[in-house]
Structure formats: structure tokens, C-alpha cells
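Should a chain be cited, it is by its letter among A, B, C, D, E and F, assigned in written order, with residues numbered from 1 in that chain.
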Amino acid sequence: MLKDYLDFFQLTGFPSITWQMPVMWAIVMVLLYLAVYKGFEPLLLVPIAFGALLANLPSVGLVNEPIGAMVSPVAGSVIEMHVKPGEFFEEGALIAVVSNPEGREEIHAHARGQVSVAHKAVGDRVLAGSLLVTAYSSEPGGLFYYISRGIEWEIFPPLIFLGVGALTDFGPLIARPITLLLGGAAQIGVAVTFMAATLLGFTVGESASIGIIGGADGPTAIFLSAKLAPHLLPAIAVAAYSYMALVPLIQPPIMRALTSKQERLIRMTSLRHVGKLEKLIFALLVTILCILLVPAATSLIGMLMLGNFFRECGVTDRLVKTAQNEIINIITIFLGTSVGMTMTGTRFLRQETLLIIGLGVVAFGVSTASGVLMAKFLNLFLKKKINPLIGSAGVSAVPMAARVSQVEGQRADPNNYLLMHAMGPNVAGVIGTAVIAGYYIATVTR
Amino acid sequence: MLKDYLDFFQLTGFPSITWQMPVMWAIVMVLLYLAVYKGFEPLLLVPIAFGALLANLPSVGLVNEPIGAMVSPVAGSVIEMHVKPGEFFEEGALIAVVSNPEGREEIHAHARGQVSVAHKAVGDRVLAGSLLVTAYSSEPGGLFYYISRGIEWEIFPPLIFLGVGALTDFGPLIARPITLLLGGAAQIGVAVTFMAATLLGFTVGESASIGIIGGADGPTAIFLSAKLAPHLLPAIAVAAYSYMALVPLIQPPIMRALTSKQERLIRMTSLRHVGKLEKLIFALLVTILCILLVPAATSLIGMLMLGNFFRECGVTDRLVKTAQNEIINIITIFLGTSVGMTMTGTRFLRQETLLIIGLGVVAFGVSTASGVLMAKFLNLFLKKKINPLIGSAGVSAVPMAARVSQVEGQRADPNNYLLMHAMGPNVAGVIGTAVIAGYYIATVTR
Amino acid sequence: MLKDYLDFFQLTGFPSITWQMPVMWAIVMVLLYLAVYKGFEPLLLVPIAFGALLANLPSVGLVNEPIGAMVSPVAGSVIEMHVKPGEFFEEGALIAVVSNPEGREEIHAHARGQVSVAHKAVGDRVLAGSLLVTAYSSEPGGLFYYISRGIEWEIFPPLIFLGVGALTDFGPLIARPITLLLGGAAQIGVAVTFMAATLLGFTVGESASIGIIGGADGPTAIFLSAKLAPHLLPAIAVAAYSYMALVPLIQPPIMRALTSKQERLIRMTSLRHVGKLEKLIFALLVTILCILLVPAATSLIGMLMLGNFFRECGVTDRLVKTAQNEIINIITIFLGTSVGMTMTGTRFLRQETLLIIGLGVVAFGVSTASGVLMAKFLNLFLKKKINPLIGSAGVSAVPMAARVSQVEGQRADPNNYLLMHAMGPNVAGVIGTAVIAGYYIATVTR
Amino acid sequence: MHFLLATEPLNGHPEFFENLGYQTVGILVVITSLGTLWLCVEILGRLLNAYAHQAAPAQSPAPAPASPPSTESSITPEICAAISAAITNVLGSEVQIHSITPSPKTQANPFVQAWSVEGRRQIFHSHTLR
Amino acid sequence: MHFLLATEPLNGHPEFFENLGYQTVGILVVITSLGTLWLCVEILGRLLNAYAHQAAPAQSPAPAPASPPSTESSITPEICAAISAAITNVLGSEVQIHSITPSPKTQANPFVQAWSVEGRRQIFHSHTLR
Amino acid sequence: MHFLLATEPLNGHPEFFENLGYQTVGILVVITSLGTLWLCVEILGRLLNAYAHQAAPAQSPAPAPASPPSTESSITPEICAAISAAITNVLGSEVQIHSITPSPKTQANPFVQAWSVEGRRQIFHSHTLR
């Protein structure tokens, strides 16, 4: 019995601890510290970090696929086949090996089960997606196998956008629509970072996902990288949310370097009141125009403006409250933990992660600069000048970036209130980032 | 590069605009106007209309099925097969053509992918549901492919009924149970409209779904037409919710035409108090009786009375609030937009839609009349007369129809308060419509 | 037509009533009475009982699987095959018969449909999970086929634990961590009941699920029996929740029998204040340690402590409120009704159910005794004595068992407040039960 | 569960009289269902009332003095305000209330009436989401 | 729906100038989209304003006397407090408000300003969940 | 992740002594887990307390005068009411509170005690949904 007791520790997770795990635990602690004690986007970073903790423990029944059809993940030849119909196998058992010029791929069982049919034999050629073995098991998939469908199927980001739309007042943007261009210009940071990433050796799908960090829009970044570079999703999500929290540190030096004292003193005329009808038409306009121009952005833009229409129409109070609260909260818990769950040590502790974190700063910096410069460019033509400090708000990171504009404006002139003016480019940046994401989705092959 | 820029507009949605789209946009605007500025059931019509807008834009990634097994939708012979194992295909590519005496059916790809197995060759005979091709793709289905499962799988309407049950007080019905017959009589409008639709050339499945508009019960109408005539779902849902809002216009002339001044002056005795135990037994009674008599209505009646039991038992406060708020609100958003998403121009801009809208008026009118006439019929036997104005409330459309009874009653006698009396037939109509829907489900083949 | 009317009653549920149904209705009434009028865990027992009512009515479209692939549930030989490709079949039709030494297994259709492919012929050998027939139907699965996925896939219990974690203050446990051992000792009741069940002829999977009733933790009991003995799930859930309500009757005699008057008079020193940092580290510690030691408990422990981290970190207010309210309420409705839905007469009206109910009392009793005895054992070594009355709180049943400790303590000395001291073992019992459940999952074959 | 189809299911495009018969059966099914329900509820109400009357005598005198005799004067300003508010709420502000008189046939006391008003108010509030 | 791919999709590791061209097109697409939107919103605003001015005359004199002439004295203590609260709320308590003066270019009356402040406050409150 | 099964999994109907051994191992596993946790939490508490004592001196005198010496007189009527309310809430109204005296062994000041009461109250409120 003492032997049994000692034997039991063979069943514990200790033998499965890898060197990456404690390293990841330390990273988790840092993220939690930043979120809890430094206020770094805690609503997202706490679930992400806790999910990452679970992902880096030798857990059972948390992420495994359910047993059923086992398909080959690559094309090649079956060089080993370890099971016969009727045989039982344990969780983790080697089922088959497929080999092709690029290497060999092992197919392991995700849970205990029994083989029903072996569709291929040693020597057979297979394609990606070819059925190798059908098996039977009473074990379901892991909890986060199911919850993560919301990311795999790209459901969570649009639903978050439904809530974001219900929370966003586009009034300041409608009152001064030229600030749309500031939100557009900030996407230059995305494009520049994309190019930089390509030069550093990332594929275009990966580069697009890295570039979008500069959009400072969590759900869009998750949406795009789930589509184009799912293996980079955790690094990109962590970078996107961390830098959003660092906006008050990253932006001011750039803003001051690119503007003269005189420009920073520009006062802007008060915004006019925008009525309900105008807001409703705006919501419909954005929907129609953006979908026509960039169909691939439909689910993001469509849900954003649906939420906003609920908000502004004044007759769907129950729905707007649900979108702003229950839906966004529930999805945030599941989205955050699912993202964290992808953050395994083997995936995260790579050179790429450091490069992504470095490129993220570039992205935020260039986006900030482009917004400011676009404002200065527009001032060449405008009679009512724009204070270029609000250009930086075009990166979105709502409402952090607009606050930065306000604070910098008051540093130059304590009586200058740029806050409301900066909200225009701020929300325009959300639309701009969704548009460029749509462009990439339409034109980039994963 | 300029060429690339111009080329990009080949990728935009503009080339995909069809004549139906702008027409549907106009219809969407009308629906939104009615919902927002005229108060036509905005909680449903706003999501439906916005969903219809999205459905009539050249969107990408919104409604497509995920790649995987492609099955033949009909029986026939494979006359063309355009793909070979290992071949890649683009979204929209023609995969195969199946032909039978009634025509030819093309199978297109819903997304980019690669063929794993071609199960059939040219000349092979196939049945509906036979596997043609298995393919592999990293693209998921569209957002509303997943959300619409709630309608396809008939989950949303029963869950709405859970909330409706939690919101409904059956007290007035229990205090004067004879009003159940008024709620039953109102279903004659459903039956008459069914017959009229059949005479106009609709199949029985379609006719049943059209008839149920007269039940004035949105979730039941959606439940039935998802089952028996999914292609008519959008027209039926729009008609059902619009006419519910028009009850104050449709009902009064019919009510006045069928009643004498003297009948309209009838005062009814005040309702007795109904205790908790009686309400609980009522909920169980309705569940048992209706399911025994019409098993096909189980999921509607069962959820309705479960919600009502939560409400009346007094010890499940948390659950009843959740059913009344979070569940019903979340499902309403998803149900409404999913219904709207089916409202594509090619499906909606048909003669059938006009016929359905016409038949809907008939349905409401006959239901109103039957309720009133049933009340007059019952008065032949009753000592305590029923004011026939409350008969019209049997169409359900809770609580609109009961309000109409009150207003008409006061038009005849300003001191006559029929409101609470009309709530009896009003909620009885909900049960009646679920029962006749169950009858149709059990006996009509799609 | 009169004939048609009478014929219709062939379609009603009356011919399908079995003798078990009315018996189950009576049991449902008893459960509802206990829940509504006696306050027996109404939040769970009302949905369970109402679900059981629906499960014991001849319903249609409530629980059936969707048509598609029909697989053999057992290994054996196909001895009958009743359908050919292209043939239509009705709901309930006999499709095939598979026979093996242990008996014959009939495969029936869950809904109307048409056969696409017959994969096997009479005489073929099949394995569990072998595909027999592929069929096609436009009918979806039943409402609770879909909702019950949350139990089959083991999603609901961990999500309930997310909410439980968000509701639990581990402060009293952290202030006096030795009470962890009391929560551990209470699991002896689980082990003893497991052994008793095995002696009574239950398999080990069944025995483990029965034993866990002594853990007095609903979600854990449901989680474990869904995995190891799904056919006993309804009996175990009903026993677990009923006995939790009976704690004030079951525990006191045992507590008094095992303690001297003097022991019951022991006063405990007031608990120290526990700060935020300590609570956060505790949450992470429990997560890491328990998952390392018992990986199979990951999804329960992980979600519990995630919810608790949300609660204690102070910066995720939106998320903690959502976990405490919307998530736990919605899941409770679906979990309860799904459990009830498994409680069909044929499954519940068996001798096993009586045995389980009997064993449940044993489980609660032994757990209570072990907790008390462990406290007395610890007192042999401690300077600051523990009042053994708080040992019984180790069974969890939060907060009922802690209340019992308080009441019993005051019976001996009206000025002794054990309530806060009893909360330590009380919440420790939740962790202890999850750990032993993980041990069983890892080592018991279903 | 499996049900034998006693009647042929209706499909395609049935003839007029076939359809008429079919619909009549449908309405009869509805009336049968709701009629049975009516009877059951009627019986239930009487049973419970009878039981309540048996149980009541001991305690019924007690509440009586608390509520003044149910004459026309029993409509207190509070009840009046409650009714007005409820009706305004339900019917919109364009409706004017001229006078409130208890229905002469009413035996219920004002508390029950107030309960009714409140009950209805809840119903009307709740049903905005269908 | 199916779209012909006019341009070859970008894949693998494109050359620098290919990539530069690709990104420039991307930015042009963004600017085109948001620029078109700008024009539409600008036109929309003018149309609605023109319509409002046509419709207004009859009723515009009415509100005028209610709001005193928009001089500096128009900042009432209430508005001042509202602005302070909003700013503290958004910028944190370490910010001090030295003085509040209406922007000289502002034609809006204090009510509109208060509306703006409130509108912004809502925005800032709401965006904590991204 | 894959774990080698060191022990044969228990299945079917094991013999009594096999089962007894198996259950004993199970209980040992539970005690080991919770025992390890106990040790860790004990150590954690001491570390944090030691750290707090090092950090405290500079600021501890400040709060001291605010809270009067922790004698029996320190139970103010407010605290008394809070405790009563909490206990009534938890134990139901049939319980009567005869007297409230601070535990003689208690070093904690009344604020901490009030905190405890409030903390417990929350716990008891929350756990109605299992």
C-alpha cells in the first residue's frame, strides 16, 4: 500500500513538468502583477494570465480534442500505423506517423478509446485532412476545447464588438467627420510594422497579425491572428493589451517631438450637438460603405454598428444593456481564458515572441506619429485648424489615447480641453483598423 | 501600384451588388422607421431589419457553412465533378453538379480549401445526403452560420418561451378559466388562413406556417416555420411582428361590427385572488395535459410553464430574474439578427411575400372575429355574461390585444375596466397557438 | 371527420403512457413540495424536478439525437438490417440489430429521414462506434439533446465552480490553514461509501460516483458521475442536493455523540485579517499545487480559483459580478433541467436508486464523523484547541454545515460564536472533494 | 418516442374538403385541450376554495375589522392614485380618468382590488419582449 | 459569395518593393473608405441642418429666452461642478482645475456644453472593457 | 498530456482488501494535498506578516490613537447592531442574542472584528446557489 501511495505520484503532474513551465509561471506572475497592481487592462490580462497558468500546468481534460475522426494534419505517406481495428489505446498513445519531405508528423490520441476503422495502411499516401482512423470513446473533449471554439470559429471578437458598439458614442466623430482621416492615418503604423515583420523573416500572414497590434484594438487583433497566424495569437494578444496600457508612456514623447509649441496651443471650436437621426444614419452608412468596400470586415463592422444602432435608436433599451453588460462580460471571461490557454511555454518562449514585443512598440510609435502628421497635413488646407495632439488618438486604444491628448494639451495650455475633440479620431481608429484588417484578410493567404 | 489600387476594387463588394440589394435596403429602412419612430415591436424588428441589411450586402464570412463534408442536397446522378483529391479550390468554386428530372443542382465551395476525398465520380447515382466530397480548410464557418444554429436546431423559440413564462401572470386566466375557450377560438383564424393559403397554391407545410401568423405569437411562428417552411421564415416573422404592432388598427372595426352597443356595455365581476398553490398546480396541469394531448408542442409548452413555475414558486428568485432578463435579451438579439439574416433579396422579393403579408391580415382578422363570436356563443349559456370585447384578446399579441379590449370597452362606457378580464383570453391564446402548432407539426409533412 | 378526430388521439401521448410515468409524477410532486415548501435547495431541485416531469411525459422533439451517422453502440455481428439506401424511415423505426454474447442491441431512428448509405450488411462484424448507416433528415435534435451537451461534455460543473469561486471568501481558511485538514478528513466518508457500494455490487465507476455524495458538493458529484456512471447521474444528483438540505437533521446527533460537553465549550481565538495579496497568492497556490498533485481535477479546481482570483483581485468587478450572477444562474437553469431530463422512470425506478439514497446517508454521516474526529485528533497536538464541532463543517454543503456548527456550539454555550471558524473547514471541504474526485477520475475505469 | 401515424399525414396540396376536415379536427383538438384544462382548473379552484373555507373560519374574523366594509367609500385616495397610475401606464397619458367607482357586482375588498391592479400592472410591464 | 481575385494574393515572403506597393494600396483603401465616409457624413450633417433650419423658425424663438445670452457669466456653478466632476473622473484626481472659461469661438449655449460634457463622461466611463 | 499508469487502474468489482488499500491511498492523497497546502499557507502567512511588521513601524502609530484600546468597552452600539443583524441574517430570526462580549483571547481590535462579521455575512449570503 505504501508502494501504491508512492506509485500514485507517477500519476501526478510532477513527472510532466518541463523547464518551460516555471518560466511561464514567472511570466504569469508578472502579467498578473501588472494587471492587478499597475492597472494594465485587467479585464483582459487577468483572464489571459490565469488561462496561461492553467495552460502551463500538467493538466488533464482541459484542452484535448474529443476522440472521433483522426485526420492527417499534412500531406505525405503513412510510414507507421500503430493501431488495428478493435484495439484499445490510452491517452497520448502514438496512433500513426505521416512523413513528407519537410519532416515527420506524429498523430497521438487525445484520450482513451477504441479503434473502429483504420482507413489507411502503411505506405498509403494521404492529404491534409485525410481520415486516418475512426475511433470511439466515452470521454468528451476538454473544457477549453469547447470554449475555445469561440476563437477558432471567430465568434468572440465580433460579439465583443457588439458590446463595444453599444458602448461607443460616435457623436464627436459625426460632429467633425474630418477626424475620420486621422483614424485612417494611424493605420500607417500597421502597414509599416507589417513590412518590418516581413523583413525580419515572418510570413505575410504572421506579419499582418503582428502589424495589427498597431491598431490598438484587442478584438480585431485576436480576430485577424486567429485567421492568419493562430500560433502567434497569445504573443500578439498580450502585446496588444499591454501596449494599450502603456499608451501614456509611449505616445507623449513622440507627440512632443513632432509638434511645435504653437501647434499644441491650438484651440478647437466646440462640437455641435448631434441628433438621434444623424447617429442612426451614420450607423447604417458605416455598415453599408465599409462592407461594400471591404467585405471581409463584415462581421466586425456589422456587429459594431448593430450594437451602436441598438444604443442610439432609443427603443431597445433591454438589448443595449445586455450587449453592454452580460454579453461583453461573459465573452470577455471566455475570450481571455481561451487566449491564455493557447499560451503554452513551447509556443510562447521563442525568439518570435521577443520580436513581436519589439515590433509592437514600433507599431504603436509609428501609428502615433502618423496620426499627428496627418493632422498637421490637414492643417495646410483647413481654415479651422486641428490641434495635432488629437491626431495621436487615432490609434484607438479607446479612451486611453484621447486622455493622453488631453493631458498633453493641458501641459501646453491648462485651459485647453482637447478631450472631446480627441474622441473623434479615437473611435475612427476602431473603424480604420477593422478596414485594414479586412484588406489583409481578403488579400493575404495564411 | 495604381493598377493594384484599381484592381483592389475588383475585390470590393461593388461588383457583387444585385438589383435586389438596394430594394432590400429600402425595405430595411422602412422596417427601421416603423420600429424606431412608430414603435412597431422594436425589440424584434430592429435586430431583424439590421440582420436583413447585413444579409443584403456582399458580405464575406458571415453566413457560409464551414468546409468539411459536402453532401448532395438532392437525389440524382452526378453529371459533373470538378475537383480531384489534393486539388485546392477557392471560395465559391463549382465542385459538382447533380442532375435529376426536376433540374440540376450545383454544389459550390463555401470557402477556400483542399479536397481530401472524392467519394463519387461522374455517372454515379446519389441520394439526398450522400457524401460527394470531403475537403479540408482552416477557415471556419461564418459568424451567423453558428449563431443561426439556434434557429435551425429550434433552440431559440423555446428559450424565449422560458422567459415569456417567467414574465406571464396566469392569475386572471385561473380566476376565470372559461376564458381559455376564447383563446382556443382565436385559433380558427389560423385554420382559415391555412386553408386560404393552400387554395392560393402554397404547400401544406407553407400554409401551416402562414396560418400561424394569426396566432400573433412570434416565437411559435418562428418555431413552426423553421420546421415546416424555412424558406418562408423571414416573411412570416416580419408579418407576425408587424401585425402584432398593428393590432390597435386591425381589431377595433371588427370588434365593433360584431357586437351590439348593449354587449359592449357588459360589466364583468371583479376577479378573485389566485393563490400561489393554485398557480403552481396550474403550471403543472398545463404541462402534463398539453404534452399528453399534443406531444409535438412539448418544447414550447414545457419551457413556457417551467419559466412560469420559477416565477410563481417564490423560491427561485435568481432563476426567474435571469429568465426574464439575461436569457430573453441575449436570445432576442441572436434570434432577431438570425431571422434577419435569412431575409435575402432573392428569398424575400417574391410574390409569395406579398401573399403572406395579405394572408397575415386575414389571419389576424379572422382570429379576432372568432374570439368575439366565441364570447357571444358562450354568453348564450352563461349567467355571468362575458363582455365579447375581451374575446378579441384571444389572439394573444400580449398585452396589446388586451389593451384594445380595454380601450373599446371604455369607448362604450368610460367606467368599464375590461383590462384585467382581457388578460385571461390573452394568455390563453399563447397556449392555444402552441397547441395548434403542435397539431400541425405532428400531422403535416414538410 | 369524427373518425379523424378520434384517430387523432392515436397521435396523442396517451397510448405511450407507461406505468412508470405516474409514479415519477408523484416523485416529482414530492421533490417540488420539498423544494418549494420546505426550502430544500430550491435553485437546483425545482429545475431538476420540472425536468424530470418533462422526461416522464410522452414528449416529442425534446431529447432525441439528430439524424446523421448511426453507429453501433457495442461490438458484435449485424444480424438484421432493415433499411436500404434511398429508403425513408419514420421516427422510431428499427434500423438494425447487432448481437453479441451479452445480448442483442437494437438501433432505432431518432427522427424521420432517408438512408444515404448502408455501411454494413447482415453478417458483418462491427465494433463499438462502427458506422452502420448514414442518413439524412431535415429534423434537428431535441432541445435538450443540445442543452445536455453541457453535461455530456462536462462544461456545466466547471462553470458553476467559476461562480462558486467568485462567491467564496477563503479568508477564514487562510487565517487558520490547519482547518484544511478537517476538510480533508471529511473525504473519509466518500471512501467508506465507495467501499460499501462496491460490497453491495456496484462497479467501481458507480461506487466512486455514489461515494462522492458524501462530498456534499453538487457540481463535483455531477461532474464525476457524468464521467464514471452517467446512468446513475439523476439518482446521485437528487441524493446529493436533498441531503445537503438535510444537513441540519443528519449532523447534530453524530456531532453530539462524538464530543464531550467540555469539547463543545472550547472557544476559539478570533481570526486575523487576511489581506488581498495573501488571498491572491492562495488562489494561485491552490491552482498550482492541486493540479500538480491531481491533474484530473484541473477543470474543477482551475475554474474555482479563477473565479476566486477575479473576486479578490479587486480590478475585475464586471467579471466577478457576471460570474456570480449571470453565468451561475444561466448554467443552473440548464444544468438542473438537463439533470432532470435524465431522470426517466426506467432509469430511476430501480432498486439501485434506493440503495443510492441509503448509501447517501451513510456518506454524509461518516463524513461528519470523520471531520469531528480529525478535529479531536489534531487537538492532541495543538496548544490552541479546535472546537471539534467545526470539524463537521468539513463536509462542505456551504454554508449549511457551518451554520450547524454554530447552532450546536451555542446549544452548549450561548456566547460561543463558531460560525466564522467553521467557514474554514467548510470551504476546505470543497477543495478536498475536488481532489478525491480527481484521484478517482485518474485511477478508475468507467 | 415513437407514435404510429393513425391518419395519413397531410402533404402536398390537399383537396378543399379534405383540408376542411383536417382543419376542423385541428380546432377540435385545440378546444378539447383548452376545454379539458378549463374543467380541471374549475375543479381545482373549487377544491382549494372549499379547503380554504374549511380552514378559514378560525382566522377569517381577524382581518375583517382591519378592512372597513366594502362600500363605495372604501376607495381611498391611495388606491385611486394607484389605479390612475396603472391605467396611465398601460394606456398612455392621452387617456383621462373621469371617475373611479367600484363595480357594483364586486364583492372583493379594496386590498384585493389593489392587488389586481398591481398584478395587471406587472403583466403589462412585462410583456414588451415577444 | 464569390469574388474573383484580381490581384494575386500576397503570400510567403514577398520582396520589399512588392510589399511596399501592397501596403500603400492598403493605406489607400483605408483612406478611401474613411474618406468616402467623411464626405457622406459631411453631406448628411448639412442636409439635416438645412432641414432643421427650415423647420426651426417657428419654434426657435421659444427656447431662446430660456437660455440667457451665452456670455462668460453663463457658466453656472452647477455646470462648473459638472465639468469638474467629469474631468476628475476622466483624468484622475491628481489634475487640478484652475479655471473654466467658455471657449471664445463657441456659439453653443451652456446646455449644449453640458450635454457635451455629459456625453464625453459616458464615453469615458464605458470604455473600460476592450 | 500523457501519463503512464504506474498502478493498474481499478475496475470491475475489486476484492475487499484491494479496495481498502486503494481507498487508503486516496485519503492519503487528499491529506497530502491539503497538508502541503496547509504548510505553504502557514509559511506564506508568516512571511507576509514578518514583512508587514518590518514595513509597519513607520505608519503603525498613526492608526493606533484612532482606535481606542481594545477593552470590553470597545464594543460600540454600532458594532453590536452589526453583529446582531449579521447573526439574525444567518441563523434566522428565531435566534436571540443575549449578550455580546469580546472573546478574552482576542487581540484584534473592534474594526477587524466588524470586518470579520461582515466578511462572514457576505459568505453566508452568497452561498445559496450550489
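Things to note:
In this section, contacts are C-beta pairs under 8 Å (C-beta built on N, C-alpha and C of every residue); 3 or more make two chains touch, one makes a residue touch a chain.
All values reported here derive from a predicted model rather than from experimental measurement.
By the document's definition of touch, common neighbours of chain E and chain F comprise A. In terms of C-beta pairs in contact, A-E outnumbers the other of B-E and A-E. More than half of the contact pairs at B-D come back, by residue number, in A-E, the repeat among A-E, B-E or A-F. Counting the residue numbers used at the interface between chain A and chain B, under half appear in both copies, so the two copies meet with largely different residues. Chain centres here are C-alpha means, and the one lying farthest from chain A is D.
If you average the Cα atoms of chain B and of chain F, the two centres end up 53 Å apart. Each chain gets one centre point, the mean of its Cα atoms, and the points for chain A and chain B are 36 Å apart. Averaging Cα coordinates per chain places chain C and chain F 26 Å apart.
In chain A, the residues that touch at least two other chains are 8, 11, 16, 43, 58-60, 293-295, 318, 326, 329, 332, 439, 442-443. In chain F, the residues that reach two or more other chains under the touch definition are 1, 3, 7, 22, 24, 29, 128-129. Applying the touch definition to every pair of chains gives A-B, A-C, A-E, A-F, B-C, B-D, B-E, C-D, C-F. Note for the complex: chain A touches chain B at residues 71, 75, 127-131, 152-155, 158, 162, 227, 280, 284, 287-288, 291-296, 298-299, 302-303, 306, 309-310, 313-316, 318-319, 321-323, 326-327, 439, 441-443, 446. Per the touch definition, chain E reaches chain A in the complex via residues 1, 3, 7, 9-14, 16, 19-20, 22-24, 26-27, 29-38, 40-42, 44-45, 48, 87, 90-91, 95, 98-99, 101, 103, 105-108, 112-113, 115-116, 119-120, 122-124, 126-130.
Of all residues in chain C, those touching chain F in their complex are 41, 43-44, 160, 163-164, 167-169, 171-175, 177-178, 180-181, 183-185, 187-188, 191-192, 194-195, 198-199, 201, 203-205, 217-219, 244, 267-273, 275, 277-278, 281-282, 285-286, 289-290, 293-295, 324, 328-329, 332, 398-399, 403, 406-407, 410, 414-415, 417, 419-420, 423, 428, 431-432, 435-436, 439-440, 442-445. Contacts from chain C toward chain D in the complex involve residues 1, 4-5, 7-8, 10-11, 13, 15-16, 58-60, 90-93, 108. The touching residues of chain C, counted against chain B in their complex, run 8, 11-14, 16-17, 25, 29, 32, 35-36, 39, 42-43, 46-47, 50, 53-54, 57-62, 66, 85-86, 114-117, 134-136, 138-143, 146-147, 325-326, 329-330, 332-333, 337.
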